[in-house]
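Order of writing sets the labels: A, B and C. Residues in every chain begin at 1.
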Amino acid sequence: MTPLLALDPAYWQVTTLKGILALVVVPTTAAIIAFVFLFKFVSFMHNRLGPMEAGPHGSLQLLAEAGRFLQKEDLAPEQADKRIFRWAPIVVMVATFLIYVVIPAGPNAVIEDLPGGIYYVLAIASLSVLGILMAGWASANKYALLGALRAAGQLIAYELPMVLAVLGVVIQAGTINMQGIVAAQMGDGAEIFGLPIIGNPYILTQFVGMLIFITAIQAELSQTPFDMPVAESEIVGGYMVEYTGTRFLLFFLAEFSSAFAFAAIAATLFLGGWALPHAWGIPYGAMHVLGPFVLLAKTMAFALIIFWVRFTFPRLREDQLQKFAWKVLIPVALANIMLTAVLKVVF
Amino acid sequence: MSSSDTPDTDVTEAEAVEVDELREGVVARLREVLGDGVVEHHIVPNCDVWIRIRPDAWQAAASSVRYTLGARQFGFLSAIDWQPSPWRRYMDSEVDKAVHGDEPKPLPEMTTGYAGGETRFQVFARVANIIEHWGVTLKVDAGDTDPAVDTWTKVYAGADWHERETWEMFGVRFEGHPFLRNIYLPSGFEGNPLRKDYPLLSRFTKPWPGIVDVEPMPGTDEEPSSEEGA
Amino acid sequence: MTAVSDRQKLAYLAGQAADARVNVELETEGMVLNIGPQHPATHGTLRIVARLDGEQVVQAEPIMGYMHRGYEKLTEVRTYAQITALINRIDWVGSFANEVPFILAAERLMGIEAPPRAQWIRTILFEMGRMANIILFLGDMGIQVGALTPMFYAFRDREFILNQIEAVTGGRFHPNFDRIGGLKDDLPKGWIEDSHTAMAKVREICDIMEDVLLGAEIFEARTRGVGVIPPDVAMQFGLSGANARASGIDWDLRRDTDVGLPYGQVDWKVWTHPDGDSFARYWVRLQETREASLIVDQLLDTIPSGPVMAKVPRIIKVPEGEAYVATENPLGEMGFYVVSKGDLNPFRVKIKTASFNNLSITPWLLRGVYVPDIITILGSLYFILGDLDR
């Protein structure tokens, strides 16, 4: 590793590299999630095989799909507000890119280790709502409008439980910096019940918080059972109904790479992210290489939960969704915070 | 083939036909309520009953049969055009002309079915009593030209769509229907398709290839032939 | 089998009323939403014009006729055998079940009775058509509320029944197998054992659906109390089949009328449910499917031997008369009112289909429901476009 560190690149070179990395990472993660879960996992659940033709076991299907979307005609509805129509998917995509900025994949492998790590993520997550509203309104289509309005209500409502669930973790970790949260779970001195063997993954102490967070993510990603905005059997695609070609590809990629991003954040907050417990004695240098793989494994575990739930349950109606968020999730999250705060002070 | 009102005629037939008490009771009860409104009836024993109602008693018949007789289950409502079709079976293929001959034949007389009828258009409706397990077909004369009867929607709400269909297919007006308009056909459709004088256009655009047997009768080894047959 | 509690009913109504009050206060203008004719949820080309106030329906009206094929006009120029081939396509998922009432009506007019073996096999194929149809519904209802997976299981297990129907008749969906006086052919060898296996599979899929959907909390939340039809209204509109039985009306044409099919010789049960909501309709259909498989099992064990076709004249001229025969088809009560003048073809055939009556209740039923509930209700009423539009 030392020859690399001796390079000392200039700031602009580092920034360019990080930018390219972000551009590459987003479609790649979307592709991984889409292939593993959307094509193969759901197919096995449905007692079928899924795509098998493109590449070995259909692994290049996404390339084929991307190619298909890219070569389509650039259409917009006649009465649509063209400029907002064009910018909506870009807004959603930008929000997704921005989330990847703070996810750490190793001791130094983070695009920018912002001090306000998780706080920054929660703030950026609201940006995609704006994109969805733009898409729904500018489509000049009543189905799109219905979908967008449902999305607005739902996504805003479920951000609160997400924030409150994260707050429990933050109280326990003592920091909102992502690397700091990882270090608090798996670093030196992290122990649970006096046993340092598995570190202190917050999934054990913040189990309720984790459940709330997973539920809130499911809603933020508009996955069943919270997929009213895109309720396919009713409003046929919701806010995405008028989009084709490249713009639809942007929405598609944004959806799946957001899924990966949120799962990675859940892995970081609750399972310890890229780190393995300090007690295992793995040399610091090795984590530079192992870190991304560890993070990938933990992320796939959370993504499995998300997509398994997605393909099993029917969808909740909008008013039931809202009731669930306001009357169940938020009170439970508040109780969780109070309990965490008390226990933190006591212990 | 409509019988008279008394059951005596049935007993004098060659086979001993039993009296269907259930259905005779239905007719008797309806006659009690409507009196003159019941014009004729026909019973096929242990099978079914047809009752013809006088046109001005049609709506009263609906409420009687629903409330007094307890036939709360609505079946359907439609119409029959008793005039024979001037095109018969549209047989115009060479094969059929060879069988029928080519000369135009006179149109048969207009006859009506069970429980009689006096006009070309007859509206009929089916209701059932699901507790006593019987159903009855009520018929009413609608008229020869510009047929019209009272609506049943005030008694059976389900008759709404059935009357709309009868309106568009036969041109029968239903007095008192909330909004009589087409249900299957696009608005602005001209003509009433199920009337006998409305031609089946597909038979004119493409001539019927004729009746050709493509499979022998079950249980026989006969060759398929092109005689007139099923 | 808990009924919707009064408290839950009140809560639903209160929610709707509150929404309506807000809409009035804000003086929002209604939005007219066109659902269909091309839409994943409407079982075919049906168009529903809904005037919405926010997410609530103020007025909804189905517009049909996109698939109207003019069956009643066509039957006037076709012979009885040709009509049998035609009417297969009315309820295209119910395969054999469409032919039965028409053939029975023609047999009644002719005074012919089919031999017992033919009646037995007719009933078995009829019940198989019912199972094929309703298993599709069981999976389809899942899609209407958003669960994609059960549909694949339903389609996979339907294949067993369709294979059986194909083995006898040669056709999975349009068998064209019934003839006046009996059936076209006898059963192939080994069919009875295979059918027993298929019935076991049907019971399996019913258990799966009961677990996956009926047991799911979210499914219950979406369907309980949604689209409640009181029994009196159901009878007024002429609802039949499982829709009527789910409102508590104890009426089944298989048990209550005698058209010659051997239901009286089999030990079976009619399922009803008191609630009348979408959950009840799903529940009743699921139990009926299981019951149908038990009926077929018993019938398979008691098929009498003998001919499958009675002696009928070569040229079938049905004597003059009128007959109405209705049977308990998968979708409801399907009846044929045949008017004959002693000719080769009928004089008038009125086809009474269940979906027409079932759908006629929607303008009444859809007032004040939410948009997602429209889809749930339409899915639970279960109509097929061919049956609706004829």
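Here are a few things to note about the model shown:
Methods note: a residue touches a chain if its C-beta (ideal position, glycine included) is under 8 Å from a C-beta of that chain, and two chains touch if they have at least 3 such contacts.
From a predicted model like this one, the values you see are computed outputs, not experimental measurements.
Set against the Cα centre of subunit C, the chain with the most distant centre is A. When every chain is reduced to the mean of its C-alpha atoms, the one closest to the centre of the whole protein set is C.
If you average the Cα atoms of subunit A and of subunit C, the two centres end up 44 Å apart. Work out the mean CA point of subunit A and of subunit B, and you get 66 Å between them.
Between the Cα centres of subunit B and subunit C there is a gap of 25 Å.
In the complex of the two chains, the subunit C residues touching subunit A come out as 15, 31, 33-34, 39-41, 55, 142-149, 152-153, 156, 212-213, 216, 218-219, 221-222, 370-375. The touching residues of subunit C, counted against subunit B in their complex, run 64-65, 68, 70, 72-74, 76-77, 79-81, 108, 179, 182-185, 232-233, 235-238, 240, 249, 251, 256-257, 307-309, 312, 314-316, 320-324, 326, 333, 335, 337, 339, 341, 344-345, 348, 350, 352, 356-357, 360-361, 364, 389. Those residues of subunit B that touch subunit C in the shared complex are 1, 47-48, 50, 72-76, 78, 80-81, 84-85, 89-90, 111, 113-114, 124, 126, 130, 133, 135, 137, 156-158, 160-162, 169, 182-186, 193-194, 200, 203, 211, 217-219, 228-230. Of all the residues in subunit A, the ones that touch subunit C in their complex are 42, 45-48, 142-143, 146, 224-225, 227-228, 231-236, 311-320.
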